[in-house]
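This report concerns only the one structure given below.
Going by the order they are written in, the chains are A, B, C, D and E; count residues from 1 in each one.
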Amino acid sequence: MTDANLLLAVSGMLFALGLVGVVVRRNLLVMLMFLELMLNGVLLSLAVFTQLLGAEAGAVLMFLVFVVAAAEIAIAVPIVLLLVRAGHTLDPGSYAGLKG
Amino acid sequence: MSDATALNLLLFLPVIGGALLLLLPERRPELVRGLSMLVLGAQLVLAAGLYFQFEAGVSGLQFETRIPWIAAWGVHYHIGLDGLNLLLVLLTAFLGPLVVAGAFTSITKDVKLFHGMVLFLQFTMLGTFLAQDLFLFYVFWEAMLIPMFLIIGIWGGERRIYATLKFFLYTAFGSILMLAAVVYLAFTVLSQDGTPSFAIADLYLLELAVPVQVLLLTGFALSFAIKVPMVPLHTWLPDAHVEAPTAGSVILAGVLLKMGTYGFLKLGFPLFPEAAQLATPLIMTLAVVSILYGAGLALVQDDIKKIIAYSSVSHLGYVMLGLVSYNLLGVQGAIIQMVSHGLVAGGLFLMVGMIYERCHSRDLGAYGGLAKLLPVYSVFFMLLTLAAIGLPATSGFTGEFLVLLGAFQGAWPLYEQGLVYPLALASAAVLGIVLGALYMLRLARRLLFGGARAPEPEGGALRDLSPREMGILAALIAAILYIGVLPNEFLQKTEQAVIEYQQRVVPERVGEGIR
Amino acid sequence: MTIETVFLSIFSLGALAGAVAMFFLRHPMRVAMALIGTMLSLAAIYAQLGLHVIAVFQVLIYVGAVMVFMIYAIMLLDVRDRSFTERFSPMLVAGLAGLLLLVGVLVDGALRGEPVVAPAPTEGAFGVGVFAAAFMDGFWVYFALAAVLLLVAEIAASAVIDIRRRGEDLAAARRGKRDD
Amino acid sequence: MTPEGLLLAALPEHLLLLGILAILVTDLVSSRPRDAFLPALLTLLAAGIAAVWLHGTGHSGTPFPGHFSVDTDAFAAKALLFGLAVPVLFLARDERHESRFAMLLLASLYGAGLLLSADSLLMVFFGLELLSLPLYALVVLGFRRPESAEAALKYLVLGGVGTAVLLMGLSLTLGATGGLTAADFRTALGGEDLLSRGAVVLVVTAFMLKAAIVPFHAWAPDAYEGASVPATAYMATVVKGAVLLALVRLFGEAGAGTDLLAVVVALALLSIVWGNLAAMRQEGFRRLIAYSSIAHAGYLFLALLGPAEARFETVAFYVIVYGLTNLLALACLPRGEDWLRDRLNNLKGLYHRDPRAAILIAVAMLSLAGIPPFPGFVAKFLVFRTVMESGLVAVAVAGLVASYLGIYLYLRVIRYMFMTPAEAHPRTGPTAGFGTAAALITLAAVLLVGVFPGVVLGWL
Amino acid sequence: MEGMLTFLVLLPLAGFLLNGLLGRRLGTGFVNGVGVGLPFLAFGIALWAWRTLEAGDGAPIVETVFTWAVIGEYSFEIAFYLDRLSAVMALIVTGVGALIHLYSVGYMKGDEGYARYFAYLNLFLFFMLLLVLGRSLLVLFVGWEGVGLASYLLIGFWFQDVAKARAGRKAFITNRVGDAGFLLGMFLVFTFAGTLEMDRINEVFAAGVVPVGVATAAGILLFIGATGKSAQIPLHVWLPDAMAGPTPVSALIHAATMVTAGVYLVARLSGVYLEAPAASALIAVIGVLTAFLAATIALVQTDIKKVLAYSTISQLGFMFLALGVGAYGVAVFHLFTHAFFKAALFLGAGSVIHALNGEQDIRLMGGLARRIPWTFGTFAIATAAIAGLPPLAGFFSKDEILWFALASGEGGSLSLWALGSLTALLTALYMFRLLWLVFLGRSRMEPDTERHVHESPVTMTGVLVVLAAFSVIGGWFGLSHYLEPLLPLPALRLDSALLHWAQIGFAVVLALLGLIGAAWLYRDGGKPADQLWQRFRRLHRVLDGKYFVDELYDRLLQRPWRWVSDRVFLRLGDRLLIDGSLHGLAALARWSAVAFTRVQSGSLHWYAWMTLFGLVAVLIWVWRYV
């Protein structure tokens, strides 16, 4: 197993753990953090490919991911704040008013 | 006015009328009614004029208009009269004013919407008959569901929602499969000819493999058979008929059902001749089953409208039987039978509406001896009953006689080749005239004869027919007798088209005659 | 096994350990710390791979900005409800099954796929200078767009925060709805 | 590329950006919240007209080689999306969302513009993010109910997952082909190896998530219901259209491999069935529209399977028709409290209170159901013809039959409006003001498309 | 004269329209003038037409009115055709018809539906004339159905009585069964002849190109039609019930004219039957059986009109017997004589009923001879005529029938003759029974009725006298020989004058035996007969129950059809299978909708899991292909 493959496997694991974490963790903020974990998994694989292929585009994409992650969190946190203000809990199970 | 303009005007008059209707105030129903009458009356005049100008024995379309509509797909606004649709257009135009006149007193709620829908319906029905472009045909065919859906759903009886949904969903299901077939045809034309076209005349020329034909015909036939309706796809009909307001029932029975048989005549069989011949035994069987099944069901109903509804199933069975006989007698008879059924069933529904308006009951058990209470009404009812039974000198006879004769004549050569089944079917169909008499006379007997009784009418005494109602019925009866006694004019105008139908479906049997 | 591989393995393990720890830690703050650990491990890997610029950004933007913002939110929202006492959602079992499936897919893919063959890494390709030049040359449009994005995000965030100010509206609306 | 060329090729986007900035500046300068309707409308119209004009002149160019290029199709797509956004703006005017709504809307459209001109996956990613980030805020912006925030959160979390999936796909594309341009993606589409297939499927999945295809649809009903009417209208029409058109552009001349084809067919059909059936039981109008949009996303994905040259026309026409009719229906909803106005119960007997609105909603419903003579039929016809042209006859038939399931739900709305007596005390009033204007605009467009579909198809 | 026949046919139609539309308003005078005047005028024209025909030495007169339909090479024309056969029929129809119209003036006096009655009666005449004068089977069929309609309307004339309305319906439907056969026969004939014009059909069949099987089938099918209209087994059940109509109607429609249409049809299409010996044999057998069985039933009937009704069936059976053995002219001859005496009998019965204020039960009559002498006299003459006493009309025609039944070379046989003769005996027996019970012996009337007994007005008795006179002289000119050029008599297999005379003598003896037997059995209000029947109670029950054919049909046809319609078609087919499966599908859709909305539970975790699962599924799927 080459280094690249090792890292790719790690990247996949991180991505998978991130996705599953969104499913299994109860706390909203934790869920958001798992989203970040997914992005980090992606970043790792991007890094591997960028390095392997010497592709500038990969690096630019990574940079953009940082920007987007920041932007997302900037919107996500106020929304969570808003929600907690109304429902006083971070358990998304309590926010199931919309269904059916 | 050039003739093609007249035909276009005929088609678009209801639209123009509908637009004018929008300008009228909701509070003045009499204006709304008057305008509708005017528009539909004008339409009838136009239709009659076109009928007289229509040249018999000329091949192809007359008063044709063809304008590109969706150019990229080869879709045209293409309408025209030929022998196949001539009588149905006339019938539609004829029933229009009668329907509106019949609704003068019975529709008091949402008058404007009602008349708008009737006009819309008229537009779509005429469009269906006139369309010479498959796409256009389909558009009108489907669009027709909308006004009918509303007419039944808004002004219908107690179970109107169920009935109207059933009607819509039933028919829409057929239409979906037909749409699949239309789409397939569209793309086949493109691949065979290189130019897209939906012209029905072009589609006739397509050469399709038999399995493909079978599949496509299945799509078309399902749609048409539901509309006809043929057993076992008929169960929407009694519900829709019963719950629809009088006008709805009249249009439904008078024109809408004909669209199914017209579909077979214009599209189903000629487009897929080989498949049609393969399917003939099945269709013939179903036609005969429809005749007998409908007659049986009509016998055990106690709701007057249901009786007439099931009688439609039975009568339309004759039409189908005639169509698949593929000889001139049968097909001509089928066309006459279509018109005849439109008049007769339409008239019967109008009459049921008239009595319902007075007594608010459609229960056969509630009535008796109306001949005593409402003599004029009873005379008309009896006349329509007789026409429904197919008594000679009425239109019903002309249709049934020619259909049965045609079916028999079509079946006999097969019998001589050793195929008994078609002949047996044709013979069984003749039994329909007995069963028809059975249920219609039961209806007449229980309604008109016996001890006089009727549910208490709202405004005191039971009134006999008003001059308006008599006028409507007299017009119908006159038409019925005219077709019964002097059908030749009609037959001459349709003959050329029927011959072409025969050439398309069974080229090998054209000119088959006396031994 | 080269020394690079050893280092990469160690940092990979670190990243994975952080991720796994995120699963089990109860308090969001600790989860955040674990995440930061993972991120730092990743930064180290990037550095190891020669992607120095990225490694720097990882530390600066992710750890420095995003996670700080996150921690700030965590501290702000220390509501101590059920989500703090119970780690797992009702979907735990299903989620773990999902994880199994995902891992299965990955393993399946890894077994089936050709191993990725590494060409020789281009030495120094991703020094700050090279990266900046490339960025400004071929990709400068993204720089402009990133600005737009951040602007938009700022507008959006401020809009949401604005709504938060109208908390009373919300309460009123709620009450109104109950009354119906 | 000359500076003028640069300016011209991205003129619609520039105009949008200009508008955003203008609104932002006025907002900052003025002391109290200002109504940004007019500037936003002007911006939108300017951008739309620019797109139409550039489309008319047949302009094409590549201001940022490998990242951003324009051709007639791109301008057509932009024009139609910007056009669809106009009624949304009118609708929003009645909601008193101040200037932020307008800015976010324009920003989101800016993202759509990027998406529709993207030549590289980076641009696709950026466009998608720019398209969706403002949406999260737009959803929550109609915040009169706590559910709005819930909706936004669900959208945000699942959208975040979608972003991650997309990025993973991009990363694998990079790994498989060594580049991140659209052409590389097309290479991956044809690739047989694990990485390529994985890349393609992840990217497509991300698009499915954005377009709400079962089983990635879960956010849609909740988000649509939680959002205010104009936001719903925007999401259901413009966003969905942008996503699909972007996918068409991304696919370009390439076709899907067997495996992807099977996935798309299966999920599209599943969406049609699922959306149509689930919508049957809805009591909220927006939720109904949400499920219906899930079904319509299924049709759109089916259209994607057609031959390359027919895809754009089909999808664009479908988006126009579907968007217009949706907007028409939403514009005609009776006025009142946001969460009240979309209860189907409040539509009962609408015909007697507001006949025009009822008739227009009915028209929209029938068009959505694909019943002629309304334009929805032509669109449906086009889609299934396209599918059949690519040889998938059975799929087309299955899709048509599945589309049949949808008829009932639209009829149900009509039934409520026309055939059910009104509630004793309707708490909603007739539409008026800008809502009516929106309705009229869309109605005019619907009529145009309905009576002369050939003209519109010719223009595309 | 061109248009003569058309005019003849249209006259009663005019009467129908005038009376139907205006009669109620314009009063009795108008109704009488139109309703009775026009038939007499028609009779006059019929006579004139006959003279014209004879002047042309019997060459048929053809009048084409218009073309009904031209379809391809087939042409359906409405044309009238007058030859000796149709001339005789037209004369009977208009002649007897006119008389009965006149009679009705007295009989229907004061009835509420007076105008309607005459309108119907005129309508009947119109259709009957169409029937007999039509050149093609099509026109004949129009008349055929039309008379059925008129019969239906007149049977149910007093429609407020449910039983009467039902009887009308039964008549119509039974006839329709026959019509179904008729239509099929018509189709078959048309398939081979290419035309429906009866003279040309006869030519085609006579040319011998049509296979015997087809001719037989066509013959049988057409005969099924005839059994319906002419009340032959097995479609005879409607005629007794048809007596619910006013008595003049029974006389005109259900005795003299309409019911003979079947006989006319077979005679008219003799060309077909000559090619189909098997069909002819069937006709003979059915005819003689009908004659016999109806006669046995007539023996025990107690309703005066029912006796006459069964007698009519029986006499029609005789006619068919004649047809079956190829003696078409003879059948028409009997038809001719029967028209007079049966009309006389019915009208006489009507007069009795009129006198007794509606009483129809012969057990409650008796001794009327002196009270209503004119009625009695004419009734007695007619009874003697039907019984076959020389030299009255029935004697001649019936003898010829029996003779040909025995001696015809085309199917005559001893058994046919024997059964026919036995029936002749029974005929005499039941007719004289009727005479005795009604007119002779002691009065058994209700006192109330008895007080009001009165002779009928002169319009009625006058008609009776005329008919009685014709019952006497009707047989004196050999109608069968007059028709021979058209309907040649069959060759005889036993050509012996001696045998013929013996046969005649035997028949007279039989008639006398019947007279004596009746006189003896029914001398005392029928007590001896009652005692006799006590010994054969079972037989009496069977006869009284009319062999239970009605019940059989009810069990075998009507009830099963209703059962099938209700249970199989409606409940099983429509409701359970078709609607059931549709509702099942709808329920399935609803159920899925519920399931799908449950899936949308509102839980974010669940949504995320769905996304995860979808992703996994898609990946697994796609990677399977790598």
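Quick note on the criterion: a residue touches a chain if its C-beta (ideal position, glycine included) is under 8 Å from a C-beta of that chain, and two chains touch if they have at least 3 such contacts.
Source: prediction; values computed, not measured.
Chains touching both chain C and chain D: A, E. In this assembly, the chain whose C-alpha centre lies farthest from chain B is C.
Ranked by how far their CA centres sit from the centre of chain D, the chains are topped by E. Pairwise, the chains sharing the most contacting C-beta pairs are A-C. Chain centres here are Cα means. That of chain A falls 5 Å from that of chain C. If you average the Cα atoms of chain B and of chain D, the two centres end up 43 Å apart. Averaged Cα coordinates give chain C a centre that lies 100 Å from the centre of chain E. Centre-to-centre spacing of chain B and chain C amounts to 69 Å, using the average Cα coordinate of each chain. In chain A, the positions touching at least two other chains are 8, 18-20, 22-24, 28, 31-32, 48, 50, 52-53, 57, 60, 64, 68, 71-72, 75, 79-80, 82, 86, 92-93, 95-100. Residue positions of chain D touching 2 or more other chains, listed in rising order: 122, 126, 129, 133, 136-137, 140, 143, 146, 153-154, 157, 161, 175, 193-194, 198, 221-222, 281-282, 408.
Annotation for chain B: no residues touch 2 or more other chains.
By the document's touch criterion, interfaces exist between A-C, A-D, A-E, B-D, B-E, C-D, C-E, D-E. If you check the complex, the residues on chain B that touch chain E are 166, 170, 231-232, 234-235, 238, 293, 296-297, 299-300, 327-329, 332, 369, 371-372, 386, 391-393, 397-398, 401-402, 404-405, 408-409, 412, 427, 430-431, 433-435, 437-438, 441-442, 445, 448-452, 485-488, 491-492, 495, 499, 513-515. Against chain C, in their complex, chain D makes its touches with residues 17, 20, 24, 64, 66-68, 100, 103-104, 107, 110, 114, 122, 126, 129-130, 133-134, 136-137, 140-141, 143-146, 175, 193-195, 198, 337, 339.
Every residue of chain E that touches chain C in the complex is listed here, in rising order: 603, 605-606, 608-609, 612-613, 615-616, 619-620, 623, 626.
Interface of chain A with chain D (complex): residues 8, 15, 18-19, 22, 28, 31-32, 35, 38-39, 41-42, 45-46, 48-50, 52-53, 55, 57-58, 60-61, 64-65, 68, 71-72, 75-76, 79-80, 82-83, 86-87, 92, 95-100. Contact residues on chain C toward chain D in their complex (touch as defined above): 109, 112-114, 116, 138-139, 141-142, 145, 148-149, 151-153, 155-160, 162-163, 166, 169-170, 173-174, 176-177.
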